[in-house]
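Below you'll find the structures, each written out as structure tokens.
Both complexes shown next keep chain A, but they swap its partner, so chain B is in the first and chain C is in the second.
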Partner chain A sequence: MATLHTQTAARFMMAPAVLLLLAWMLVPLSMTLWFSFQRYNLLMPGMEYFTGFENYRYFFSNPSFWAALFNTLYLVGGVLIITLAGGTLLALLLDQPIFGQGIVRLLVIAPFFVMPTVSALVWKNMLMHPVNGFFAWLARVFGFQPVDWLAQLPLVSIIIIVAWQWLPFATLIILTALQSLDEDQREAASLDGAGPFSMFFYITLPHLARAITVVMLIETIFLLSVFAEILVTTNGGPGTSTTNLTFLIYIQSLLQFDVGLASAGGIVAVILANIVAIFLLRIVGRNLEA
Partner chain B sequence: MGSITLDHVQKSFGGVTVIPDVSLDIKDGEFVVFVGPSGCGKSTLLRLIAGLEDVSGGKISIDGEDITKTAPAQRKLSMVFQSYALYPHMSVRGNIAFPLKMEKAPKEKIEESVANAAAILNLTDYLDRKPRQLSGGQRQRVAIGRAIVRQPKAFLFDEPLSNLDAALRVNMRLEISELHKKLNTTMIYVTHDQVEAMTMADKIVVLNAGNIEQVGSPIELYTRPSNLFVAGFIGSPKMNFISGEKARSQGAATIGVRPEHLQLNRESGMLTGTVGVAEHLGSDTFVHVNVEGVGQVTARLPGDMPVSHGETVHLTPQEGRIYKFDEKGLAI
Partner chain C sequence: MARAVSTRRKVAVSIIAWAIGLIIFFPILWTFLTSFKTEGTAIAVPPKFLFFDWTLENYFTVQERSDYFRHFSNSIISAVGSTIVGLIIAVPAAWAMAFSPTKRTKDVLMWMLSTKMLPAVGVLVPIYLLFRDFRLLDTHIGLIIVLTMINLPIIVWMLFTYFKEIPNDILEAARMDGAGLREEILYVLTPMAVPGIASTLLLNIILAWNEAFWTLNLTTTAAAPLTAFIASYSSPEGLFWAKLSAASTLAIAPILIMGWFSQKQLVRGLTFGAVK
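Right after this comes the complex of A and B.
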């Protein structure tokens, strides 16, 4: 059905959705772009003027910027590595026939349903707290000095918290991919003399490549904008050690009220996200070809 | 070498017994076909031999050596699956080389074996393609290639031709038979198609509900079926069975006549009926005759026989071509 008539009809039908999407996306984006070229501070109302690339110059020369950029990349990279490796291992375990399989699977998926602020607070106060936390208790049981996680290893702590939230997602997607592996292929490989390790690296992992790619892309999109976990645990500190780009923009817009500077930061973040996306699609995108 | 012996092999899944008790001897170099209707346990039997399922009882040995508890890879058998089970992310070369790679064979030997197998199977031009870029017949050949590079003691085929179209199936049937002549390795072939069984086998094993009904050469099964099941299963079109008065007069509970052994006559004969459908195949004509009190009887007649729907005809079996069975269905 590709007559002129159906094409016109299709365009007509799609128009509301496209227009809505444009309004939703294009208006905020262009406003951000506009504000990024304005000297616009909420503490000095009525004094806005066009300032060219001045906001960008300030944003890039801000020492927090580079720290925030690398924190963002470390956070994304760290969480990706943990969730993909852990998710694959967990999926392999969950694929084994065990007693109470349904309940175990439900429990594994559970962290995904806990909201980020809640899970971060649980981690902060019940697990990582240097006095009352479970890890501190564990360290004392073995006679070690408890680690003050959020003060001594702030970024690592944030990575652990975020990875814990995303592990179920990775596990779930990889588990379903694992279950779609043709049983005949496994049997053929076992007849061909493949042991468990060869089976995993030659048969299972290539089969999972596509699912892993999808997890990677989706997680990257969300991990570039991690915010709540940082806000309720470290507030970007100590210093700038857990400030990522999102949090830096938050500081500038809602703590320093510098809308212009924050908008410039927002545009930088958008560009960064696109660079990462292009980069990712280049390396892993070929896995998505059917 | 590759003689396989099944000694009182049993298999049940949970409470369901699939194979009650099977004993069988397969000689080295033999082409054995397991044939039977779907669900008769023929694939299960093959998987037991391959080691993909554990036996519930009994013993399997290869060349006199008990391998009942041996892992599949150590049994030195190769299997060709119905779905081919090719590794989709590997090239044809990678697929064929995989078993050797797992054996950690030296690179030159792998190269040589792959080239050899590819030459035998006409795959040389396709070595660098991925399985999804191949046709069904080519995929089938890759699966066979993967099986032959290991130089196994025996090949196991699990309905390898059922995913191919009719013309290709005839072709591959010949190719597999030729391969068997060339390699002279034991082959066990599972199929539900009695034509495949008849054309390829040295020895046919007819299975029904997990039991062996009869073992023998194709001609033996055709000429001397030991019971009703085998008589009905081997031969196409199916044998006609007649019970009742006409059978009793021959001293049997049931008599069977193959369609090709019926002669058509317009004046008189043993069976009288009206022609239902006549299938003209060119070389033959299959005539389905509705006989009062007996049911539908099929006769295979020469291609030029002019019969038409509704005609009244008489059918007479050829002398000495009547199979007789007793009440239990066993041949007399």
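Right after this comes the complex of A and C.
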């Protein structure tokens, strides 16, 4: 139906978005790739030279890289488990008839709109503080020894904070998927004598599979680059116990000015994210056909 | 076909749901309450919930000492500015893809999505160096450029899913009645597209407002938005909980309210139309 004339017009309309994104992707990425093969420190200008894979070798043989890689995996894995399990349960609960359903929904999704620096500082100080924090008070009320969260369990604390931010996202999306579940199907199943558990595992969960996968992939992409929460709470410490890949590269580039090494790290991060991205793109692409 | 539900069951489920909702919301509520306390009551053990001397003093101190309104206007400029620039670039693109799709449209859309998957830290060094050389560090323009580019794929995608729902028959009818391209866009399509554009605008302001990687790394003082303003409370001022709470309340209140209005769009925008 589209005529030649409208196709030319369409191309012109798309050009700015496509060209800008292309530039935004290609220019910095090729610069990162180029830098990653250079010995290049901002503190020693004019001393750059080509070193081949030296940066990568240093990066991979550096224990803090492996620590950061594992911290990244724990962080992503921990937050995913909490938000997916919690989000599914919460969505099932909110799908029931409730008094004041709209208000409860608002309460549950609110954390998603809190900027990362605020949630991290509020949790760090007012909730997790070992002496004056709310949790410390709760612990003492119930007769436990208060936990110094960010000193004793730094990575767990970060996982809790980030999970609190992402739980609403998982809940909201799973709830949306839940509400599109065909009521007739449920009724047919219950007429056939399906109990609540077999109903959940044979009808509801398969229906949610797609939404859960989408949540998992999107969260992974964002969680791989958690940054602000770490910066304002632990600054990567104690030691390297809360340094993830993003934070390690930030230290290397903007604090130690080692452009070459940071770039090699950046390329590693890009490759990791791409592995996740391929799966997400497949799912979204399949949806586009439908 | 509503399921018959006993009132008792509904009451029980409601109590559980409200309890969990309040627990999840508690950190925000606590911040809000603490912002009206004096520093002394803020750290009191056992904590005081409602019965304390409410004061607005912290809000004045925050403004006086760290110039809240400058950071607030920086946030507005960068969030709203980047969203508007993004819309100007994205509306024609999404329009073309929705109304005269070609064989390659799907590939272009997927490719745009893939640029969103590029981790920011992978391009931190070159962007930082380019910004330094072009004197864009700590400027509104620099921040608007970055925020526009990182959210452009989401804007295009959201608009595309909305535009695709506008029935093509209406266009045909308008053409039959002799409408030219200009009339077609102005009188037929624009009114139908406005709700979708508005939702996209809202969601992207939220995303840009809360963005905390580039805003922290590319600004210092002049263009620093609220994310950076709050981050400055991480050390020594973090000890002043009441002021931290007042600053935090001010930083999240506008976006929380906008967010509550745009929950539905949030799902569509953040899943790239994969869940509706």
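Points worth noting:
Heads up, the rule we're going with is that the second predicted complex is superposed on the first by the 260 of 290 C-alpha atoms of A that agree within 3 Å, B and C clash if a C-alpha of one lies under 4 Å from a C-alpha of the other, contacts with A are read in each partner's own complex, and residues count from 1 in each chain.
Simple rule for what comes next: contacts are C-beta pairs under 8 Å (C-beta built on N, C-alpha and C of every residue); 3 or more make two chains touch, one makes a residue touch a chain.
None of these values were measured; they are calculated from a predicted model.
Annotation: superposed three-chain arrangement on chain A; chain B versus chain C shows no clash, the two fitting side by side. Contacts of A:134 after superposition on the shared chain: chain C is touched, whereas chain B is not. Looking at the shared chain after the overlay, A:207 reaches chain B, while chain C stays out of its contact range. Judged by the number of chain A residues each one touches, C leads among chain B and chain C.
Judged by the touch definition given at the top, the superposed model places A:81 against neither chain B nor chain C.
Shared-chain residue A:198: touches chain B; no touch with chain C.
Once chain A of one complex is fitted onto chain A of the other, the partner contacts of A:28 are limited to chain C, with no touch recorded for chain B. Angle at the C-alpha centre of chain A formed with the centres of chain B and chain C, after superposition on chain A: 80°, rounded to the nearest 10. Of the two partner chains placed around the shared chain by superposition, neither chain B nor chain C is touched by A:255.
By the touch criterion stated above, A:187 is placed in contact with chain B and with chain C alike. Measuring only between alpha carbons, the smallest separation of chain B from chain C in this overlay is 6 Å. Shared contact residues of chain A, touching chain B in one structure and chain C in the other: 184, 187.
Within the complex, the chain C residues that touch chain A are 1, 5, 10-11, 13-14, 16-18, 20-22, 24-25, 27-28, 30-31, 34, 42-47, 89-90, 92-93, 95-97, 99-102, 106, 108-110, 112-130, 149, 152-153, 156, 181, 206, 209-210, 212-213, 216-217, 226-228, 230-231, 233-234, 238, 241, 244-245, 248, 251-252, 255-256, 258-260, 263, 266-267, 270-276. Interface residues of chain B facing chain A in the complex, by the touch rule stated above, are 50-52, 71-73, 77-79, 81-83, 85-90, 98-99, 102-103, 146, 150. Put simply, chain A touches chain C in their complex at residues 2, 6-7, 9-11, 13-14, 16-18, 20-21, 24-25, 27-29, 31-32, 35, 90, 93-94, 96-101, 103-119, 121-127, 131-132, 134, 136-137, 141, 164, 167-169, 172-173, 176-177, 180, 183-184, 187, 210-211, 214-215, 218, 221, 224-225, 227-228, 231-233, 245-246, 249-250, 253-254, 259, 262-263, 265-267, 269-270, 272-274, 276-277, 280-281, 283-285, 287-288.
Of all residues in chain A, only 182, 184-185, 187-195, 198, 202-203, 206-207, 209 touch chain B in the complex they form.
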